[in-house]
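What follows is a set of structures to go through.
You will see chain A twice below: alongside chain B first, and alongside chain C after that.
Showing the complex of A and B:
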């Protein structure tokens, strides 16, 4: 099957100034790889600080000016250059952001969805987009402060599908929603995928991600540590100890918390980021420069002694 | 909209209290200062040649021996009825002096107000939209230099350049020296207003530009601008569509709030250009212990500043949909 978006060895670093003029480079993401195919929902799951929002902004080319991006992003097989990205943003690649703060507080919903288009066809399209998410045409005349949290999310969805996208990047689209509203959002993403779009669903909520995703990429401390099929979780065919800990921390699977905290973005590191919290950590885990991210048992893992499979 | 009338009522009540307070403070300060109304009225030389009886009558006329509280109350009761008293220095009713001075100043202030708003707003938006880059650093540098320059010094500089070296504009006054007031043309008045207006608006524009720049920079960092960019808008398009709209509200407040600074600046600038406006009258009244005139100027200036802020609040309420439709009054 053709690949919609292919991210290879993506790194995002920031230049920070410490006291005086001493400069320091801090890595927000290091060596991240991910692919998304049409009609597929890929969840990127990680705690805050794992680099998942940087991933969304990196794909969209909206990183802050003091950042530096390395690695390769390919769109339909061709490198995604800044110039190409300009023509794709808002047309073929759509962002579904977190909430109402992403809407201009002083502009009515209708013109915001149409973002500059004023002709009659655009009006029809924006009404259709709202109608698709159960919002009537009167919504167009409302200001963002007149929307409820759930309505705001649906308006943002309508904005995303105003120009039919091939890739939808949903950056934490559910915080603050109750379980039913969140489930409805998941249904909308499933619908978009069934329509042929690829969906990158960025979230900290593994349980929610598993209700809808085909594949799950787990981020930890700026690295992808595992890529698994959604069904691998229930079958406990997991490869990385962090993923296992995440799974076991869910209320239905033991509710076992993991001690320690995720390391903050750093100026570079050697070895496994998870080593201090890992129950199976061995001396070589801390010595290896970069732990390779390698295919393993039908998925991928960044671990020197993963479980559930043999060296291929 | 049921909240509007009590809201305005409350604001007006507060304004009245403010004006009362300002007049009390001014009166107290002036009473505590070693002023002699009789001397201010007739001058030092005439004072010496007067007989004791004449002096007593003058002192009685100006109420020198009346207790201050009683004097204040009688001033207040006259003032609210529209009688501002008689200027000791100009020997004319204060109302007449104020009328002339205010008319002279009003054009100067209005021109400086509009110019500083337009110039400052435009520069601020450009700097904020290009934050961190060359245009921003250039504009910020110039504005910081300008806003740390005292208005009167800038006025002197302008006089030096345009009035003395280049000789293209008059060095002062609101009309040519020696001209009959009936024969002064509008063009002459305008030519005399250019330099004071420039001095006033340049410092004002710098402050407005710096404030607008901060607001604009905040707006540019906002989520909704980022979302607009993510949806394919170019930076200029995002600025035009969302930036201006969101910077306009604080801009409006700022524009009206800066009336006070403008009035303050006019005192010094008018002095430099010998421009016969309210600012100059304020200096003359202060130095000449002209209590009635100073009281009137202070109260009217305070009323202007208060009116500016009230207008800003009302306009914001009309423009901001969150207030207009949400009913949340500031």
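Showing the complex of A and C:
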């Protein structure tokens, strides 16, 4: 099947100034690979600081000036160059951002959704987009401050689907929404996927991700540690010990906390990022330069001793 | 926002509160913590109004977004020591690294900041804690770590807890009783 977005060995690093002019480089993301196909919802799940928002910003070319990106991103088989990205962003690739502060406070809702299009057809489309999310045409004439938080979220969704896009990237779109509103937003993602779009859903909320995603990529300390099918979780067919710990920490499945904390972004590291917290850690886990991210039991894993499946 | 709400929390009890957004859960917490005054009715602790208590308020609130509950311009050590020096034992139990206390809020993650806000709320005078969606923005492991600590600490000190959350499994896991906040009748 055709691949929409293909990310290979993506790394994002930052140059920071310490005291005076001494510079250091820290890795926000290292060696990340992920593909998204049409009609598919892929969740990128991780704790804060795992690099999941950098992933969204990296794809969209929205990283800050002091960052450096390496690796390859392909869109429909062709490299996604900055120039190409400019023509795609907001059209074929759309962002549902984290905060409602992404709306322009001085611009009415209608023109914001239409991204500058003014013709009659665009007006029909923007009303359709609002209508899809239960907002009436009068919403077009409002300013962002006249919207409630939930309405503003729906306006952001309407703006994202206006074009309509082939890929929707949603970066933590649900905090502050109650369970019913979050479930409604998941329903909207499902509709977009059924319409043929790919959806990349970035979230810290594993429980919510599993209600809608087809596949889940788990990030830890700037690396992808596992890619699993959504149903692998309930069946506990999980490959990486961190993914297993995430699953068992959910209030509905044991509420078991794992001791320790995720390591902060660093200038470099050898071996497994999870080793200090891993119940199955062996000496070689700390020695190997880079632990390969390899196919395993129908998914992928970055672990020397993964669970489930046979050695390929 | 709210009308005719009655709620009692006993020491050692953990009461869950669920309601859709906009129903006034946070407003209720603000009233119970003494940040706002009700138009009608009273908030009393052991039969006395909150304002009768001197010093740090015995009812402390922990907020959903710790970024908004700390001063961005001072190092966290000073935030933590608001009113009294921080207890070493609490810092250790919450895994708060000493280095965090020299940093500013923008340099810590949400989970790290929330741990500091919890330590700050657990002064010796505290009898009741109001937890308003305090782990909604955290990953499951950090959430479970924080609740393990809170359950141990509140049991040790027999603190009363009001837990606001949209997550039914979380409320069922941590609460001794779950209340639903009804819509105000007009």
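One rule holds for everything that comes next: the second predicted complex is superposed on the first by the 312 of 312 C-alpha atoms of A that agree within 3 Å, B and C clash if a C-alpha of one lies under 4 Å from a C-alpha of the other, contacts with A are read in each partner's own complex, and residues count from 1 in each chain.
We adopt the following convention: a contact is a pair of C-beta atoms (placed from the backbone, for glycine too) under 8 Å apart; a residue touches a chain by one contact, two chains touch by 3 or more.
Only a predicted model underlies this, so the values are computations on that prediction, with no experimental measurement involved.
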Combined model on chain A: chain C and chain B, fit or clash: fit
Which superposed partner A:159 touches (first chain B, second chain C, both, neither): first
Which of chain B and chain C A:69 touches, first, second, both or neither: neither
Contacts of A:206 with chain B and chain C, given as first, second, both or neither: second
Which of chain B and chain C A:90 touches, first, second, both or neither: first
Geometry of the superposed three-chain model: angle at chain A (Cα centres of chain B and chain C, steps of 10 degrees): 70
First (chain B), second (chain C), both or neither touched by A:115: first
Partner contacting more residues of chain A (chain B vs chain C): C
Which of chain B and chain C A:103 touches, first, second, both or neither: first
First (chain B), second (chain C), both or neither touched by A:145: first
Shortest CA-CA distance between chain B and chain C [superposed frame, angstrom]: 16
Set of chain A residues, in rising order, touched by both chain B and chain C: none
Residues of chain A defined as touching chain C within the complex: 45-49, 148-150, 175-182, 204, 206-207, 245-247, 249-252, 255-259, 261
Residues of chain B that touch chain A when the two form their complex: 132, 222-224, 226-233, 237, 241-242, 245-246, 249, 320-322, 325-326
Of chain A, residues touching chain B in the complex: 60, 62, 65, 86, 89-91, 94-95, 97-98, 101-107, 115-116, 143, 145-146, 159
Of chain C, residues touching chain A in the complex: 20-22, 64, 95, 109-111, 136-145, 147-148, 166-170, 172-174
